[in-house]
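Below, chain A partners chain B and then partners chain C, in two separate complexes.
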Partner chain A sequence: MAQSGTRNSYRWMVAPAVIFAAAMIVYPFCYALWLSFSDVQLGSDPRFIGFGNYTRMLADGEFWNGLRLTFFLYFMALGAQLVLGTWLGLLLARSQSARGLVRTVMVSPFMLPPVVIGMMAIVILDPSFGIANWILAQVGLPPALWLSDPSTVMVTIAALDTWQWTPFVALIVMGGYLSLPHDVFEAAEMDGANGWFRFRYVTLPLLMPTLITATVLRSVDILRFFDVIYITTQGGPGNASTTLNILAYRRGFEFSELGYASAVMVTLSAIVFGSVLVFARLRKAAAW
Partner chain B sequence: MKRFFGACVAALLATAVPAAAQSFDWKSQNGQTINLMFNNHPWSQAMRDLVKDFQAKTGITARVEIFNEEQYRARLQTLMQGKSADMDVFMSLTSREGAIFNRAGWYADLAPMIKNASQTAPDFNYEDFGASIRAASTFGQQVVAIPINQEGPLFYWRKDLFEKCKVAEPKFLEELATAAAALKKCDANQGVWAARGIRSITPYALAGFVYNSGGSFMTPDGKPGMEQPNTMKGLELYATMLRDYGPPGALNHTFTQITELLGQGRVAMTHESSNEFANITRFPNRANDLGVKVLPPGKDSGVSKPVAIGWTVAISANSKRQQAAWLFLQWATSREVQTKLVNNGVAPPRASVFQGEEFNAWTKEMPIRKAWADALIELGKTGTGVYQTNTDRVPEARDIIGGAMQAIYQGKSPAEAAKTADAELAKLQ
Partner chain C sequence: MVNPKTKRTFDTIQLVIVLVVLALPIVWTFMSAFKPRTEVAAIPPKLFFTPTLENFVELFSRNDFMHNTLNSLIVAVGSTVLGLVLGVPAAFAMAWHRMSWPATATLFARMAPGTLFLLPWLLMFSQVGMVGGYWVLILTHAAITLPIVIWVLLPYFESVPREIVESAQIDGARQDQTLLLVVLPVAMSGVVVASILSFVFSWNYFLFALVLSGIETKTAIVASFNFVGEGVTNWGALMAAAVVIALPPLILTLLIQKRLVGGLAAGAVKG
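The block that comes next holds the complex of A and B.
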C-alpha cells in the first residue's frame, strides 16, 4: 500500500516533464498533421481538404526530385561517414599516444553551429574567391564549381556533412571498440587470423550494435539536414539541391503554402520514423 | 452675475480640455515599449543606431530585431499567422507582398491615423512622398505602410578599365555584350560582368533587360508572356552575359557577392541595386573610378524601363500599441531622419529631402554621388514595381521567371525555357 503511494507520488513528480514534452512534441506534430490536410490561406483559418495536398504532392515533379535528392544525400553521406568513421575510430582506439589530442581536434567540427559551417563553405568553396580552387591549382588540378554546378552540388554538400560528422561516428566507434572483450581478439590472433579476417569476422560483428546506433543517430540528422544547404545554395542551382526539407521551407515560408509544406514535412517525418524503426529492429538482431 | 461669469469660465475650460487633448504630442505614449522587426538593409542598420533619438524624443522604448531577408520573412510569417501581438512594427516590400499581406489583414490601416491631427505631427506631410511611391502602399482607401527608401538596380561600370581598353561606355543595352567581349579581349585576367543568379532574386536585375529589349512578362491581355520574342531576347541576353562573361558559380550569387566582386575590382560591370552604392563606394578607389546610371535603353526598342521599388514600414494589425508604433513610423520617415540616412546610402523617398539643401550638398561632394542621385530621379520617373505576371503569388512568379533564366544559362533554348515558364506561370493566375 505504501509502495503504491510512493509510485503515485513519483508519477505526479514526472507529470510536468511528460506534459511539457508532449506539448512541445506531440502538439506541433499534430498541428502539422492537421495543416497537411488543410488549405491554409494567409490570415485565415485552415480549411479541411482531406488528402488534397498529398495527391498534389504525388503529381508534383519537385516533390519527386526532392525525394531523390534526399535519398541521394542520405546514402552518400551516411555511407561515407560510417566507413571513414569506423576507420578513424579503430585507428584512434589502437593509438594510445595520439588519442587525447586527436580526440579534441576531432570533436571540433561537430561542435560548430551549422551557420558557421555554411558560411565557411561559401567562403572556401566560392569559385572566384575561395581557397579550395587555389589549392587545386597548386597541385595542378582544374578548378571546380563545387556548390554552383548542378552535377557536383549534392556531392559537395554530402562532403561537407561528412567532414563535420565523421568524427562523431569515430568517437562512437572508438568507445564501442574499447568496451569490447579483448580476449576474443587474442583468441583470434592465436588461431592465426590475419588483420582483415579479424576485422571482418570478429571486430565488425562485435561492433555492429554500436554501428547501428551511430547509423540511427546520423540517419535522423541527415534526413532532416537543412541549414547548411539553405545557407550555401538555397536549393540551387535550379532545383539541384532542393531536398524535401528545402522544398517544404520554400513552399511554406516563401510561397505561403503552409498546407502543402506541412504535407511534405509529414511525409519526411514518416520516412525518418520508418528508418529509425528499421534500424531499431536491426540493432536487436545484431545484439550479442 | 458672478455665478454666471464663473459658469462661463467653467464651460470654456471644459471645452478647452478636449481641445488641448487633441493637439499632437510626441510624448503622448511616454513609457510604452514597442518591438520593431526589420530586414537586414542599409536603412535598418542605420536605424539601429538612430533609435535612441526616438526614445529620447518620445519616451517610448523601441526594441530592434534585424534578420537576414530569408529568416526575416519566415519569422514575420510565423508571427503574423499566429496572430502574435509581440511585434508592433515591421518592414514590408509592398510591391512584392503587399496584396497578399493586405488580403490576409496583416497591416493596420494608417489612413485614419494620418488624418487624425492629434495622432500625426503637423509637419509630417504625407503628400511629400512621391505619388507613385504612395500608390504602391495603398489598397483602395487603406494606407498600409509608409515608404522608407526608393531603390532599383543600376548599371555600374569601371570607367578606368573602359578607358584603358579604349572601350566606349555602353549607350544601349545591346552594346553590353560587345563591351564585355572587348574588355575580355583587352585583359583576359580581368573579370568582366557580374549579376544576380539565384533564381528568386534574379528578376529584380533581369527585368530591365526584358523591358529594355521591348519585352514584357505579360501579354497585352494579361496572360503570361515569357514566349514573346522580345521577352526571350532580354532573358537570353541576361543569361548569356552571366554565362559567357560572369564569374564562375554565378548561379549561386546574390547582391553580397556582386558587391564584393565589383568593390574588390574583380569585375568591370554589373547591374545591381542602388542600395549597394554606399557599400560599393566604401572599397578603395571605387568612388573615383566607377560610373553609375540606369541600365542603357534598348537600341531597337528605344525603351528604358527600370525596376523601381521601395521598402516600407508598417504597423501590425495585431499590435496592441498602435499609437506608439505610429509615432515611430512618423519619426523614422520624417524629413529630419531621412536627411540623416542619406549618409548611409539610403535614397530618400520624400521629395523635400531629395530636393533639399543637405542632399544637394552631399551629392556635390563627389561626381559619382551626383550620378547616383540622377539615376534615382530617372528611376522615379520611368521605373516600375511590377516585374512578374499578373498574380497575387508574386514571390512564386518571380521564382519561375528566375528559373527560366537559369535554364538558359545551363543550356536550354530560350524558347524552351520560356514555354516551361509560361505553363507554370499560368497556374498562378
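The block that comes next holds the complex of A and C.
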C-alpha cells in the first residue's frame, strides 16, 4: 500500500458504519447516561438532578433484590454451563464418528428464538398439564411448580439457559481441545497418570484460555438475560425473578420512570463491561 | 486401565442421553403442534395420534399471523442487507488497514443490555415519528447485525492474500472495484455465514420489536408472545406458532453449522 491515494480512500468504506454506530450506539449510550442523571417522565422535559437516581437506587429494596437475583442466576447458570460444557465437549472430542449428526442436534437449542424457548417452557412445565410433572410422577417424585413458585423460579430459569447454551460451550471446548498439541496427552498417559489426574493437571490448564473465552461470551449474555425471563414470568411471581434487566425494563416502559430506569441500566452495563474486562485480563494471564 | 471398548460404549451411552435431553423438548413442541386440539394437553401425554394441521389453520386464519410473519421477514432481510451494506466495506477496510477501533465500537452494542439503548431510541425515534414503522425496526436490528457482519468477516478478509489486492490496484482498479470484483468472490463463504447469522439474530430478536413496533409492523416473535397469555387455553395454536418461528433459524443454521460456533464466538476472542 504505497500509493497515497488509496491510503485515504478507505475512509468512505468505514465512514457509513462509523456514522451508523455513532448515531445508533454511541449517541444513545450518552443519552442514556444523561437520562440517568435526570428526573424525566414520558412527555415531560428532563431536569438534571445529579446522582439523585443513583442514591434512590441504593436505597431501593427492589434494586438490591434485582442485583441479588442477577448474580444468583449468573453464578448458577455459568457454573452449570462450564462444568457440563467441559464434560460434553471432551466427550464429543473423543467420539469423532458421531460428530455430524450430533452437531445438528447440538446447534439447535441455541439458535432457537428465545420466544420459542419460553413457549416450550410454559407448555412443558405447566404444573397440571405439562409433561415435566408427568415424568416426575412416573419416577415417583412429587410435582413441582417450576416457574410459578418463588423458591424454584430462578433455578428453573437457570436450567432453561443451561439447556439452551451448554451445547455452545461444549462445541467451543471441543474446538479448543482438538487444537491442543496431542503429544502432551500421550506423554501424560505414558507416565501412567490416571484419568482424573490427567484432566486436573494437564487438560484443564491447557483448556483454560478456551474456558475463559466461553466464560466471557456467556457472562455477557447471562448478566443481561432478558427474553426468556420476560416471556415466561415477566419478573414474577411477585418479584422472584425480577433481575436488574427486568427491573429496568419495567420501571422504564411500564412505569415511565425513565431517569431511574436508565440509572439501573447504566449500572447493569457497568457490571457487564466490568466482567468482560476482568476476564480479558485473566485470559491474557492464562495464555502461554 | 479401562478396556477401550467398554469406555467407548460408556461414551456412547452418555452421548445418547445428552442428545435425548436436548432434542426431546424440541420434538415434543413439534409433535404438539400437529396434535388435535383436544389431545395437546392430555394427561397421560399422547405419544400416538393422528397428525392434523388444524392448529396451523387456526393460527393463520384467526390471528393475522401471516402478516406478522411477513413483517419478520421484511425486518430480518432489511436489517441483514443494511448490515452488509455498512459492514462489508468497513470490515474490508479494517482488515486491510489493520484498524480495529470501529469494530470495537460496534462490539459495544453486542455487550450492552438492549434495554440500555431502547429508551433513548424510543425518545429519538418518536420525535421524528418513526415509531411503529418498518424503518425503526430495520435500523435498530441493524445495531445487532452490523457487529455480526464485521466480526464474522474480519478473519475472512484478513486471510485474503495481499498480493491479489495489490495487483488489482496496480492494474488500476478503484477500491470499490477491488472489493466487489476481486476480494468478495474469495471471501464469499464468509459473506454467506454473516448473512445467515444476521438474518437469524434479527428474526429471533424480541425486545426491540416489543417496544418499537406498531400494530401493523408487529413481528411474528412479538405476536407469538402475545399468545402466551391466551395460550393457556389454546396450546395447539401456541405450539404451531412456535414451530413457524423456529423453522427459519433451524433450517438456516443447518446450512452453516460447521462455521456457526466460530461465527458466534468471533469478536469476543480477540483483543
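Basically, the second predicted complex is superposed on the first by the 281 of 288 C-alpha atoms of A that agree within 3 Å, B and C clash if a C-alpha of one lies under 4 Å from a C-alpha of the other, contacts with A are read in each partner's own complex, and residues count from 1 in each chain.
The rule is simple: a residue touches a chain if its C-beta (ideal position, glycine included) is under 8 Å from a C-beta of that chain, and two chains touch if they have at least 3 such contacts.
Remember, predicted model here, so these are calculated numbers, not experimental data.
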Fit-or-clash call for chain B and chain C when the two complexes are aligned on chain A: clash
First (chain B), second (chain C), both or neither touched by A:M208: neither
Partner chain in contact with A:L145 - chain B first, chain C second, else both or neither: first
Winner by number of chain A residues touched, once chain B and chain C are compared: C
First, second, both or neither for A:G236, with chain B first and chain C second: first
Chain B versus chain C as contact partner of A:M265, first or second or both or neither: second
Chain B versus chain C as contact partner of A:F129, first or second or both or neither: both
Partner chain in contact with A:L73 - chain B first, chain C second, else both or neither: neither
Partner chain(s) touched by A:Q41 [first = chain B, second = chain C, both, neither]: first
Which of chain B and chain C A:V216 touches, first, second, both or neither: second
Touching partner for A:E254 - first (chain B), second (chain C), both, neither: first
Set intersection of chain A contacts, chain C complex versus chain B complex: 126, 128-129, 230, 249, 253, 258
Residues of chain A that touch chain C when the two form their complex: 1, 3, 6, 9-10, 12-14, 16-18, 20-21, 24-29, 31-32, 35, 88, 91-92, 94-95, 98, 102-109, 111-116, 118-120, 122-124, 126, 128-129, 131, 134, 163, 167-168, 171-172, 175, 213, 216-217, 220, 224, 226-227, 230-231, 245, 248-249, 252-253, 258, 261-262, 265-266, 268-269, 272-273, 276, 280
Residues of chain A defined as touching chain B within the complex: 41-44, 126-129, 143, 145-150, 230, 232-234, 236-238, 249, 253-256, 258
Chain A-facing residues of chain B, complex: 70, 73-74, 77, 80-81, 100-101, 103-106, 191, 197-200, 247-252, 257, 260-261, 266, 393, 395-396, 399, 403, 406-407, 410
Residue numbers on chain C that touch chain A, as the complex places them: 8, 11-12, 14-15, 18-19, 21-23, 25-26, 28-29, 32, 41, 43-45, 85-87, 89-90, 92-94, 96-97, 99, 102, 105-106, 108-121, 123-124, 139-140, 142-143, 146, 150, 166, 169, 174-175, 179, 200, 203-204, 206-207, 211, 221, 224-225, 228, 231, 235, 238-239, 241-242, 245-246, 249-250, 253-254, 257-258, 260-262, 264-265, 268-269, 271
